[in-house]
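Below you'll find a set of structures to go through.
The following pair of complexes shares a single chain, chain A, combined with chain B in the former and chain C in the latter.
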Partner chain A sequence: MTRVGLIRLVVIAALIGALELACRTGLIDHRIIIAPSEMASALWTLLASGSLDADIARTLGLIGLVTALSIVLGFAAGVAIHALPRLREALDPFFATYYAVPVFIFYPVLIAIFGLTLMPIVLIGVSTAIVAMIIATLNGLDRVPRVLGKVARVHRLGRIATALQLQLPAAAPYLFTGIKLAVSYGFIAVIAAEFILSPAGLGRDIADAYADFNNRRMYALILFLLVVATLVNAVLHSLDMRFAARRSGGRA
Partner chain B sequence: MNAAPVQRDVHAELKGVTRIYSAVPGAGAKLPVPALGPIDLDLVRGEFFAVVGPSGCGKSTFLEVLAGLQKPSAGSVSFEGKPVSGQVPEGIGVVFQEDASFPWLTVWDNVAFGLRRNGVAAPEMRRRVEDALAFMGLKDFARAFPSQLSGGMRQRVCIARTLVLQPRLILLDEPFGALDAQTRLLMGDEVLRLWRRTGATVLLITHALDEAAMLADRIGAMSARPGRFIEVIATGWPRERDSTIVGAAAFGEITGRLWERLRGESLKALGHSDVAALAAE
Partner chain C sequence: MSTARRTADTLLLLAGLVVFWEILHRAAGETAMPAPLPTFAYLLHNLTTPRFIANLTTTGLELGYALLLAYGIGLAIGVWLGAHRLSGAVGEPILVSLYSLPKITLYPVVLLIFGLGISGKVAFGALHGVLPVALLTMGAIRAIPPVYLRAARALQLSPWQTITIVLLPAALPEVFTGLRIGFTVTLLGVLLGEMFASKEGLGAMIIDALQLVQGEEMMTVAIVLFAFAALANGLLFFVEHRLRRV
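Presenting the complex of A and B:
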């Protein structure tokens, strides 16, 4: 482990330890926050009982679906917009200000149209995550060196071969940034949408536990989502570092 | 001025070639921009031809028209007797000024790229790639990525990637433009070695008069835009030569003559038309 990584770990351990101490000594009221060790114990009990299985499958499945749709559709839209400069010029201001608009304001409208089904969550999730992927695709394609186009023609590559063998690998670091953002936005959007108004899912579970003053269950679920989100991001970060190291010869 | 061939074994031929860039509304160019020509030139099989000229005179446009990367606005280009227009023919290899190595592939895979595309069998591919790597002094860097190499070595990777395809006409577009003077001299030696070994016709675009004088059998001096050949100088160097010829008296004479022809054109290119007129007198 690097020195920086060790410092990071010590800081996190110190914060958890301080919270544990504050909760155990009564400095923080247990009706507000429970001790981290209690959160872990409650989570273990919940997971062992199997009562969370359906909600976990539903929420993580939705996050997977939203992320996959955002990545595939965002990439396709990015490629199409990149090929149409005038359309891009027209859309650029929307992309620049997109995240200043809270798309969640449309959630009630979507429920009114589609009812309490999965569709409003998927639509809110995709509309939150897709623009990050579109912007990343545009950035990536903008940064493909022009000379690669000439190299492709010297090697008599067709359009598809040029895209797959030269443009895609050249744009890959930016596309991967888009994938990481799409995953993060997918998590946020699905949990938040479930939290607001949904008949099931982990977000709904947290909202119910909160309404019932069931702190053990609420913090156990929060801990579960924190762990899953951290693990997914750690895996993506590690892949990103591995690719970057390949390109920079181990200097990433 | 027409560039008379040294002998009649013509490998590539340009007849009345011009290239005019059309006006782009909103991009500053309100009128069509004549970039090149008219150019008449025969490249003789196996010769080393260099093109020098002031910045922006159309040297790279000339190379791209010859390669088939751009269509001429008028005139015709042929390679080995077949017309070239808008598509790079088999047998032509191009090395660009910019770093065109693929950062996601190792040096070995960079060099093998074209052979894989052409479906060359694995043993043959291995032999040709290893041969090219050894020839370009990259054997110890086969598993490295381009980012681990210096600019000069990355350019060698691009040359090796061209070399493995055994082109009969090699076009070099200022390949050493970004390198320091000493490295350029050494790279020049390597290009001469490559030229002798492959027997290919080589066309080098450069802004460096000394580089052209050292490497080429013939040097085409180009006017300010639109680029035309104002003189083609035969250097008379023996085929077996290297960078030590920079100390020869004839080397100074050739560079001096080139500069004499190009000084006025360079001033024109800089926008000093009055000074250029004086220089011409």
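Presenting the complex of A and C:
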């Protein structure tokens, strides 16, 4: 491990240790924050009991569904919009402001239309995540080098072969950025929707535990979600690094 | 000519959105989704009611305080991590991973610490805004050519003078990008905070309207928030554009 990595580990350990100490000595009231070791043991008991399984499956399944839909539909929409320059010019102002407006505020409106089913969560998740994928697809297609079109013509490649063998690999880094954002937005939107108003799911569990003053359960659930999110981000980050290394390796 | 056409196309799309809304209204029914025209009438009629103004003021106040905190703390962290190489190397990955966490999971913790009043929502909004401001400020300061710092040393400027006279002006355009993104996410944080366990503010108004099956009110608040966010973003974007050209 590098020296910087070691220092980072020490800093994080010190922060957690300080929190542990402050909680154990009563400096921080256990009605506000419980000690990190207690959070971990509470999470362990909760996971071992199996009572959380249904909600974990529901929430992670929803996040997976939202992300997959956003990536597939966003990519298709991006390709279509790229082929229609006039539509794209008209859409540009929408794309530029989309993430500046709180789209999430439409979640209650969706509940009013579809009721407390899975539909509002899926729709708010997809509408949050899909635009990042569309923008990333447009960016990627914009940056496919022109010379590749000539290469395709020289090799007499068909439309599909050109797309699969030349354009897709050239756009891949941008597409991956879109995928990363879609995962992250999907995660945030699903959890937020569940937290605000939903019949079930981990977000709802946290809100319930908060309302019941059940701090052990609440902190266990929070810890679980933060660990899952951190793991997912770490996997995506390492994939990103690997792609980048391969690209620069190929060029050198 | 082409700008005119582009504007016309964009307006056409906006009109398409209103048509889509009307179709949604026909499909979903009067209570779930009110029609566009009655909603706009409702909007014009209710924007000036004391109840709406009170909620608007609450949200505005919360947003203001949250921005003050997010900008202050974010800039301080960003300058520190940008100027001190080791701190930056240690701190950046921590900030990046915190940035991508779903912060809504931490809202109960914020509520336990700061309480259910205005301060909980302010803290939650600031929690959202601090990270992008800090990260972009750090990046901006790192991108400053080292020769500026050597010049500052040659002129024997104090650390404070170095920050205010050399570092901040050089980093301003990118720092401003951080402030713009910080604004957006802080607003989102404040609204999310209001949507859960709150009685005041526009976010709470939307949830109340949902429970009272007040479609017009929900759409009215959403439109007002959209318009405000888009306008503020446009304004900040304009300033940022000007800064970059100088």
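Simple rule for what comes next: the second predicted complex is superposed on the first by the 244 of 252 C-alpha atoms of A that agree within 3 Å, B and C clash if a C-alpha of one lies under 4 Å from a C-alpha of the other, contacts with A are read in each partner's own complex, and residues count from 1 in each chain.
Methods note: a residue touches a chain if its C-beta (ideal position, glycine included) is under 8 Å from a C-beta of that chain, and two chains touch if they have at least 3 such contacts.
All values derive from a computational prediction rather than experimental measurement.
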Practice task
Examine A:Arg247 and indicate which partner it touches, taking first as chain B and second as chain C; both and neither are also allowed.
Solution key: first
Practice task
Identify the partner contact of A:Ala100: answer first if only chain B is touched, second if only chain C is, both if each is, neither if none is.
Solution key: second
Practice task
Go through the superposed model and pick first if A:Leu166 touches only chain B, second if only chain C, both, or neither.
Solution key: first
Practice task
Tell me which partner A:Arg156 touches in the superposition: chain B (first), chain C (second), both or neither.
Solution key: first
Handout entry: First (chain B), second (chain C), both or neither touched by A:Ile130
Key = neither
Fill in the blank from the handout: The chain contacting more residues of chain A, comparing chain B with chain C, is C
Practice task
Please work out whether A:Ile222 is in contact with chain B alone, chain C alone, both, or neither, and reply first, second, both or neither.
Solution key: second
Completion exercise
Both chain B and chain C touch chain A at residues none
Fill in the blank from the handout: Residue set of chain A touching chain B in the complex reads 145-148, 150-151, 153-157, 161, 165-166, 169-170, 172, 246-251
Problem - chain C to chain A touching residues, read off their complex - result: 6, 9-10, 12-13, 24, 28, 31-33, 86, 89-91, 93-94, 97, 100-109, 111-113, 184, 187-188, 191-192, 195-196, 203, 206-207, 209-210, 213, 215, 218-219, 221-222, 225-226, 229-230, 232-234, 237
Completion exercise
Listed in rising order, chain A residues that touch chain C in their complex are 4, 7-8, 11-12, 31-33, 86-87, 89-91, 93-94, 96-97, 99-102, 104-106, 108-109, 111-113, 184, 187-188, 191-192, 195-197, 203, 206-207, 209-210, 215, 218, 221-222, 225-226, 229-230, 233-234
Problem - chain B - residues contacting chain A, complex - result: 64, 67-69, 87-88, 90, 92-94, 96, 98-100, 102-104, 113-114, 117, 144-145, 147-148
